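I've put the structures underneath this note.
Here come two complexes built around chain A, the first alongside chain B, the second alongside chain C.
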Partner chain A sequence: MRKTLLSIFVVFLIGLSGCASKQASTVESSKKVVVWHWLTDRQDTFLELAKMYKEKTGVDVVFELYAPSDIYSQKVRAAAQTDTLPDIYGILAEKKDFSSFIKAGHVANLTSYMEQNNNEWKDAFFIKALEVNIFESGNEFGVTPGIYGAPLDVMNIQMLYNKSLFKKAGLDPENPPATWEEFLEAGNKLKAAGIRGMVSGWGEIWLIGCFAYDYAFNIMGEDKVIATLRGDVPYTDPDWVTVFRLFEDMRDNNLLASGIVTMVNKVAEQAFANERAAFGFNGSWGVNVYYGMNPNLDYGVMLPPAYSSKYPMRVLGGPGGSFMVNNKSSNREKAIEFLRWFTSKNQQAYLAKETRNLPANKESLSVIPPILSHFADDMDGTYHWNNLPVVEKPQVTEMFSKGIQAIIIGEKTPEEVASEVQALKERL
Partner chain B sequence: MNKAEVRHIATNYIFILPAVALFALFWLYPFLKLFQLSVFEWDGILPWNQAVFVKFRHFRDLLRDLSWWQSMRQAGFITLIALTFQNALALALALACDKGIRAARAYRMIYFLPPVLAGIVVGLIWNWIFNPFDYGLLNYWLTRIGLGHLARAWLSEPKTALICVAIIHCWRGFGWGFIILLAGLQSIPRELYEAARIDGANAWESFKRVTIPLMVPVFVIVIILTILGTMQIYDIIIATTQGGPHFHTEVPITRMLAALRGSSRFGYASAMGIVFGLILFVVSIVHIKVSQLVKQE
Partner chain C sequence: MENPIYYRVKKIFSSMFLQMFLVGVAATCIFPLLWMFGSSLKTQSTVFSDMSLFPKNPHWENYYIAWTKGEFGVYFFNSVFYTAVTVVCIVIFTSMAAYGISRLRMPGKNIIFYAFLAAMMIPIPGAFVALYAILINLGFINPGTGVDLLDNVIKRLGYILPQINQGLSLGIFMLKTFFDKIPKDLEDSARIDGCGKFGVYWHIALPLAKPAIAVIVIINVLYVWNEYLLAMLILTDKSLMPLQRGLMVFQGAHMTQYPLLMSGITITVIPIILVYLFMQRQIITGITAGMAKG
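Right after this comes the complex of A and B.
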């Protein structure tokens, strides 16, 4: 009897200890560098680079892919809670959440490594790519100033147009619309030719917000945008109402494809690649996506047509993805060494060539296809929400973008949306 | 109590200890943790000791959160459609199969196919059907039969988006009701129908006086499962509308996900979970009580 009881107890204890065991990747971390990422289209190239690194240094690097990105994001958060993060990982979150990872001790400060040998590593990057990973002194999150990640690539979001469909509609493919009026006129010409206007993933609210912010910078300038985020300028300001009204203009001038308010970006990318719409509002990552779907697609890249000449047209841009080093990893130094190698000129050039993305390392630009050069040319004028000194509350951002959807479907006026967004901001 | 009795009782307790421990670990602890989370402000990343105690602020905010109550109403609307059309269809098909129509076994398999498909797959199928472009199946056929003026962006217009989501949910869900109702119908002794026929009852009277009273417990199960399953709908919405346009297809679970993933408000999402759970609990209890009263009558 005693033996039976003892056996039950031992089995039970083994069961419980199994529940509490840490993840294999952490236990075995001393032998290899483990990298978690969400970039499905880059996995093969990452594996190739890992093979090269193994040949060069003898260090094993294991790339573990977790997709889609929201699942990956949840995995990283859960791992942070249980201290089972890998040696290298990416954080897909707003700057506030990024700062929480740092304050919880999960991210290594790379400043001293970046600044070695006269800023050798740091200066290799486009500053716009690195900015998102930098916390300046006196930052609103209370994070120790420093550089907390290395960018893998850069991106910006612009307007793409189909040259063949332009020709069919009687538009000049070499001179796409440069002003708001020309843009609206193009919408009507396209409609007359039976061609859909613009597709974009505006069902995913961040992309619709991005379009609105591009025009907010153009209409009122950066200072006023920041003042709004600080709460010094209300969203009911005439400039913001003008931003909201642009969506009404686009709708009324047949520029928006039917169903755009619930369209996910994957569907929008398919529609543009299959020549079902003349315009696409999409990021530089789309070059690789379109190539995969329709290698013969003839298209051009342009900045969204300016509404005002008062301020320059700016587009959202920054790192496409960044890797952080786990500060608690026993492999910290090995991981940093790998990351330095991974983001250096030759590896970045290889990555850019194989995956048709803009490299974060500015010394690797020579290998990119011509269409990507257009995106690269406008990199310096980009902005990024995470680089602004103040960040808007997510609830307000959601109301802002969903409000624009309501304008497009004709349910609310720009003034009503502006009032609702402002009322929510004041309440929070 | 002598030593042998103590040992006997202790032995019993030790035998149930693993089950109790697992229950406590995987059910009781998360359940209590949810209550704890709901009174704290926490982003899910910082160590727990940095979470801020906010008392019942999240519950107070929830009362004023219009998008939350809109999502409750919309989930209620889909549930109403499921309770009526979906279950009526399930009952009609179950009755047909119970009457021994030809190829009843094949129908059973076909009807049970949609429920075994993942919500995301169902969403993709219906995205293609409702697609506003020329390759959308519904718009294509409307145009072919001369009703092109009815073609529209079904999932993007406020008047049609929620109804379309409800249709997709019913298509996916009626198989469950069908299987349960068919099992219930087949458990009714055939002699009762024969006796009713001998007494002069026609098909409608047999259905009213034999089938319905004996099926009440099955109806209760189907209705409760429909309410609980439909109120918790979310995967179809993620795959089709993402809660849009505006907030027109938001449901409670998508709001919770927005609070968790969109803005890292674990405490607020937990408060939503508690309120939502309580509402479902109350609805289920009320329904069971009403059903008991109906059965007694």
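Right after this comes the complex of A and C.
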């Protein structure tokens, strides 16, 4: 009995100490730059880049992956409260929460580093990517003005079209529809060839709202959109009714795949990747998704075909993830140097090539895969709801998108939806 | 009075209906496992286009890739270790505590019992930040002793202790109800035979509570084996992570490698199925006994 107990105890001790790691623990080591992140699909590439940096500078960088993003966020919050944040990390939160990290002294102000050598570091980024990390003077959060993070990537949402299916339907794969009329005509040709039209995650209401806003910008311009959000222009305005009517047009011209109003984006991505639809409406992240599902997929990227020539067609876009430097870290300067190197042209191009995401560094566009380049071409003209001076109330946004779903399934007319959305806005 | 043939036919039909219903329920339970296994043998492109349950060209190499890419070797050992230690500790501590609360005379024992019951209402994820702060202050997250071996021991304990704590409440609750039902005469006769308090617990109470212990074991094995969030919060060293960390490698924010993920899940599910198969008799007895008492 005693021998058995002793053996169990020995096994227990071996287990406790087993697999002693050569990898230094994270926060306590001052010789290494420790990075916490949540980007599972980029871990291997991050490790490669860390290896390159070690060869170049002799500095060890340890990337520690904590996913999914919600548990990552909890870990970062817990570490902030106990002053155990790593040297570099990302904050996945609204600007208000981000500001509380800054005010607690957890985020280094990178402005002086960004502006060195005539804004060399700052100007390398798409301004849209940097915007989210900038606090202007007089900001509502009371944060000292400055740049508090370096963006890793950007994204925008555009239309995709399958070149093989275009050929089958007698459409020109090198000249996708550029106007609304051409788009509707393409829908009928696809129908005649027995090919499904467009798939998108319009069951997730934000994507359907995004498509509608793209056209709102095209039909009435940014000022009128903002005026609507402010309440100065009603949703019953003829321009908004026109926006709603576009969905009726698409439905009547066979452009929408059946079930699109309940489709989640993962299903839409599968359908497009497996050539079961000619058009997709998806973000630049889809490039990597499609590659994973069907590496031979022959497709192109296009802006949603313009309805009006009065205003430019704009698409939703903005920053992806960003990294911040821990202001209290004893490795602060080393961390900033690494982040500068990490976000420079060659490293961003490498990251884009390996992970097929749109880089935040615009200088790297010349060396990234062509399909990503197409997405990047329209980055400067993007808009983002969070960067508009006024934000619509969530209840109105929800009714707006659900109203469009109702139009697509023929439950309501564009006029009815416009009136209902306006009535709700006035009530709130 | 009705014809006996009527009763026989009725019995046959009702039994047939019941059997069909049970076969249907069993099929709904087994189908996801079969689908998971079938998907684990497909490729990333065929997983969405090949709708067969078992592919014509199975890719068995997915298991090798999942095992190596997910670094399952280290994680598997860790999970087995964490599960074994946590469950053994839970069984020992809960049985002792439940026996003490049920059979021993001590002031305030009901308050202690209700305090444990109240603790059942607090899920670990709800206390993450507080738990992290406590473990940091106790030196379980960054021990910094300078000795790797000792650091690892402390970090592993930092992961095991909260899980033992999590399992105590339910275990004590279940075992106390079992110990309450043990006739006092049994204890008295054990005492006459020379057993002390610990002897009665060890030789009489514990063997009688086997069905309840089996239920506690399976519940906690499932919980600890599938635990992931606490590991992500507490552990920083990859080599100390449990098996679920390996699965995460195959899931990106936008992209999931389904065949590899399914291979990984199949690997992680096998030990759980084995535990259930070995203990199913006790588990069923424990659950039905608990229901009868409840």
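The rule is simple: the second predicted complex is superposed on the first by the 263 of 428 C-alpha atoms of A that agree within 3 Å, B and C clash if a C-alpha of one lies under 4 Å from a C-alpha of the other, contacts with A are read in each partner's own complex, and residues count from 1 in each chain.
Here is the rule we go by: contacts are C-beta pairs under 8 Å (C-beta built on N, C-alpha and C of every residue); 3 or more make two chains touch, one makes a residue touch a chain.
Here the structure is a predicted model, which is why all the values come from computation and not from measurement.
In the superposition on chain A, contact of A:Asn288 is made with chain C only, not with chain B.
In the superposition on chain A, A:Leu303 makes contact with neither chain B nor chain C.
Contact with chain C, but none with chain B, is seen for A:Gln43 once the two complexes are overlaid on the shared chain. In the superposition on chain A, A:Ala124 makes contact with neither chain B nor chain C. By the touch criterion defined above, A:Leu256 lies against neither chain B nor chain C after alignment on the C-alpha atoms of chain A.
Of the two partner chains, chain B is the only one touched by A:Ala406; chain C is not.
Within the superposed three-chain model, A:Glu398 lies in touch with chain B and out of touch with chain C [touch as defined at top]. In the superposed pair of complexes, A:Gln74 makes contact with chain B and with chain C alike.
Chain A residues in contact with chain B (one complex) as well as with chain C (other complex) are 12, 15-16, 19, 74, 77, 81.
Residues 1, 5, 8-9, 11-12, 15-16, 19, 70, 73-74, 77, 80-81, 93, 96-97, 100-101, 103-104, 106, 196, 203-205, 257-264, 267, 271, 276, 393-395, 398, 402-403, 405-406, 408-409, 411-412, 427 of chain A touch chain B in their complex. The touching residues of chain B, counted against chain A in their complex, run 11, 14-15, 17-18, 21, 25, 43-47, 50, 64, 127, 131-134, 152-153, 155-158, 161, 240-242, 244-247, 258, 261-264. In the complex of the two chains, the chain A residues touching chain C come out as 12-13, 15-23, 25-28, 38-41, 43, 64-69, 71-72, 74-75, 77-79, 81-82, 84, 270, 273-274, 285-286, 288-289, 292-295.
Listed in rising order, the residues of chain C touching chain A in the complex are 44-45, 48-49, 74, 77-78, 81, 84-85, 125, 128-129, 132-133, 136-137, 141-142, 144, 148-153, 155-157, 229, 232-233, 236-240, 248-249, 251-255, 257.
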